[in-house]
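One chain, subunit A, appears in both complexes that follow, with subunit B as partner in the first and subunit C in the second.
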Partner chain A sequence: MLQIDKIAYTNRLTKINPMLKFVVSITLLFTAIIFENILFYLVITVGIAMILTLYAGIELGRYIKLLLIPSSFLFMSIMTILLSISSSVDLFIYKIQIGNIYIGITQTSLDTCIILLLRSIACLSATYLLALTLPMNQLIRVLKTLKMPTVVIEMVMLIYRFIMMFLEEYNEMQTALYLKFGYGNLRISYRSIALLITSLFTRMMSRYEELNISLEVKLYNGDFHV
Partner chain B sequence: MKRFKSPIFICSLLLLTFFSVREVQAMHIMEGFLPKGWAVFWTLITIPFFILGIRKLNSIFKNQPNKKLLVALAGAFVFLLSALKIPSVAGSCSHPTGVGLGAIMFGPTIMTVIGVIVLLFQALLLAHGGITTLGANAFSMAVVGPFVSFGIFMILRKRNVNIGVSVFFASALGSLCTYIVTSIQLGLAFPDPVGGVAASLVKFLGIFAITQIPISTVEGIITALVYDKIKEYEGESILNEKIN
Partner chain C sequence: MIKADNISYKYKDHTLALKDVSIDLNNGSKIALIGGNGAGKSTLFLNLMGILKPTQGCIYFNDKPLEYNKKYMYNYRQKVSMVFQDPDKQIFHSNVYDDVAFALRNIGIEEEKVKARVDEALMKTGAYAFKDKAVHYLSYGQKKRVAIAGIIALDSEIVLFDEPTAELDPAMTKGIIDIINKLSDEGKKVIISSHDMDLIYSICDYGYILSDREVIANGPIEDLFSMDDILMKANLSQPWLMKVHKKMGVPLFRNEESLFDYWSELHGNSSNRS
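So, the complex of A and B:
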């Protein structure tokens, strides 16, 4: 089972009204995007961390690990924004010289980066407030209240169901490949991955046929009643 | 002394950047990273494609309700592919966007709907991508990627290029275009204070697109292998009448 999903079903806030949780986290998310205010970002980040650790009962270490998931993307993009290249020297507050050009940090990019970093973390916290307390069955109820097209809701439900169904199988195949040195070198690992994807696909096709039969037995006429 | 210190500092930062590539997942723009204007802009661009996809799905489902399961399976398949780690050059890891395979088999507009739902799940279940950046990520991964893959596949097939080669180019270029669009989105949103949008585009393309060339190539190779195997198992007929 996926970690975030597991927490969503087992924390102490699971039983609260789903619409309330949804509205609160989405409101926080959008206010964080709309208003650029460093203090506000910090309040959101700390506040949500407190809600999730104190009220929902998620261990702090685990939550921090979750927050660090996108850190590599964050780090690379922040570095990209932070550093600029120019031939004039007076723009930079911190620089190094390579030949005729300078690579350095300007005041504007530094300001952008600080806001960006804090905003990303605040928004990530708001998303976690949603993802960690709202299990998928409640999300589907929320989507229904929001009058999303039926076909989208059905797809969300079915895709979620199939992900969970095949995740286990997928993990077992992955372990089997590791045990057989399937990732021993680059050439073999490409072949292993191709094999894994293919057997996953064939398993899915056979499951699809079985499901069709079982649905027909239940007089399926094209509607899933969600 | 100070002049000596700064290069070391920058060099170590650069080294860190290179080492951090090891852990990089496919480049979905993370939650809250884009300013509000751009987030809204990319969402608005994606919506028409999404509606088109829903219409297509509805018309398919009306005649063949059984296909609902098949489309959902394709979505789960794309999600699982995105959990897969592929070793690439220099010890870095990536995972396939998976949409190339889907676009070839199911058609691009359907992949838009599936892609959006998969991105939503990635944001909620894997903390990968985000809700506010859903529009931007969907545009690169669920609109541009599939359409490029599908277009290239069709063109190459019409010219009677070998099927493996066409699958390779379709998925590799589709995946590369996804990354290029992501870099363009980032470059436009964060113009360089010195060189403007052009400089920031160059920077982001350099870091997020050039480094992805080997990874896209790998995805192309693997997709071609998978396509070949699927054909072997299922016979070619099932691929052509999949959904349409």
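So, the complex of A and C:
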């Protein structure tokens, strides 16, 4: 989460026109969703990987790790499509028999899976092209130029700021718990996590109240100007 | 100007936070509000800002009592503003520039003027160099500069600083002192709450000592800091220049430079070890 944010602010493509980055990523994303062409998916995936590693200067290993984050979800959904259950034997190209039913892979499910897998990776790459080169502050400006409703932009902005504050608070408390041996064994760990959650909640509530006060001082009257 | 007349404040759970506090901000141009932890400094500030309403007594602004309605406060808070101790509590945008512009856009100033005022405020606070950075990658001291810039941009007549130098390194502390002095030179009234005695002594001209929710002494800074027993009672201590004056028989100076000048004149350069 934070790592993506950090990369977005520090890579070599950060300073390029935000609108350009936005349009390119979104176009690639939607073409990958609409068109079904394996070669096209491969071109997008490899192309973006090259842009991000060679031009933006993100280490290849780091990028691959980021790509692997959603892999478990991907794997699970692919498996459910790949495997089919049937009582007739002739459709399967590979199968195992359990009682009088067969579990296995058919040619069509294999084809669908390959397309689905490559499409997912291509879409993921396009999303990363957006997330890794376009910092949130630039994205907000793009949304503004595109005349998005103010409510949406406000929410994006405030949620982003609060996530950062939340993570900061969480990290500090986590460290404090470690230093006080809060993760010594499983039982203590559970209790520590409960403590962490309750105090995170109360702290966030008091933070919220304090922010309300400073909103008043800053003459807030219902609209966030972005 | 602001005047608080015998105000008391009770929280909803009936704990008393202020007891018969009277202060008059006409008494000086850089006014100190000093007191130990929990003396009531922050509560008093929130009362002065109109966030909390005194349960007894009254606060006057330009000789008229404060009105606690939206319209009045909207005008009042353009003239009186406050810098919080924790900058994170005052920063809403993740972008420095937008955050400094926040209050200005709230009061509907045109974008061109906003830009000029934001740039000026960023220059004054030395935050211009990182104006395009994301707030969460700034250091604590840098965030503090941004928070102050957001208030300076408002160009209000009176600025309240709650613990302006708490948790800052010496260089940043000096930076904040410079900013406060600059504001004062522009003719703005500055009110500073702190328990950093050396800081208060070097910049303020008048002060109020709060102890256990009450004002126990007030007066010009030099007089205030010579009352050792009162300072002790308020969990405070004398600034070091005052201690040197009292215990070592050196004349009283307002800043260390003049003390050192005096000393080298007296003893020649032989005392210079640097």
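One rule holds in what follows: the second predicted complex is superposed on the first by the 205 of 226 C-alpha atoms of A that agree within 3 Å, B and C clash if a C-alpha of one lies under 4 Å from a C-alpha of the other, contacts with A are read in each partner's own complex, and residues count from 1 in each chain.
Keep in mind that, in the parts below, contacts are C-beta pairs under 8 Å (C-beta built on N, C-alpha and C of every residue); 3 or more make two chains touch, one makes a residue touch a chain.
Computed from a prediction, not measured in an experiment: that's the story for all the values here.
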{"item": "Touching partner for A:142 - first (subunit B), second (subunit C), both, neither", "value": "neither"}
{"item": "Partner chain in contact with A:188 - subunit B first, subunit C second, else both or neither", "value": "neither"}
{"item": "Which partner reaches more residues of subunit A (counting touched residues only), subunit B or subunit C", "value": "B"}
{"item": "Contacts of A:16 with subunit B and subunit C, given as first, second, both or neither", "value": "neither"}
{"item": "Partner chain(s) touched by A:160 [first = subunit B, second = subunit C, both, neither]", "value": "both"}
{"item": "Contacts of A:24 with subunit B and subunit C, given as first, second, both or neither", "value": "neither"}
{"item": "Subunit B versus subunit C as contact partner of A:151, first or second or both or neither", "value": "first"}
{"item": "Which superposed partner A:202 touches (first subunit B, second subunit C, both, neither)", "value": "first"}
{"item": "Contacts of A:221 with subunit B and subunit C, given as first, second, both or neither", "value": "both"}
{"item": "Partner chain(s) touched by A:4 [first = subunit B, second = subunit C, both, neither]", "value": "first"}
{"item": "Set intersection of subunit A contacts, subunit C complex versus subunit B complex", "value": "5, 158, 160-161, 165, 207, 211, 215, 220-221, 223-224"}
{"item": "Subunit A to subunit B touching residues, read off their complex", "value": "2, 4-5, 26, 29-30, 32-34, 66, 69-70, 72-77, 79-81, 83-86, 91, 94-96, 103, 106, 108-109, 112, 116, 119-124, 126-128, 130-131, 139, 149, 151-152, 154-156, 158-163, 165-167, 170, 183, 186, 189-191, 193-198, 200-202, 204-205, 207-208, 211-212, 215, 220-224"}
{"item": "Subunit C - residues contacting subunit A, complex", "value": "46, 49, 51, 73-74, 77-78, 81-82, 84, 86, 88-95, 98, 101-103, 105-107, 132-137, 150, 154"}
{"item": "List of subunit B residues in touch with subunit A within their complex", "value": "6-7, 10, 13, 16-17, 20-21, 23-25, 27-33, 35-36, 39, 54, 57-58, 61-62, 65-66, 68-73, 75-77, 79-81, 83-84, 86-87, 113-114, 117-118, 120-121, 123-128, 130-132, 186, 190, 192-195, 199-200, 203-204, 207-208, 218, 221-222, 225-226, 229-230, 233-234, 238"}
{"item": "Touch list for subunit A against partner subunit C, complex", "value": "5-6, 9, 135-137, 140, 157-158, 160-161, 164-165, 168, 207, 210-211, 213-221, 223-226"}
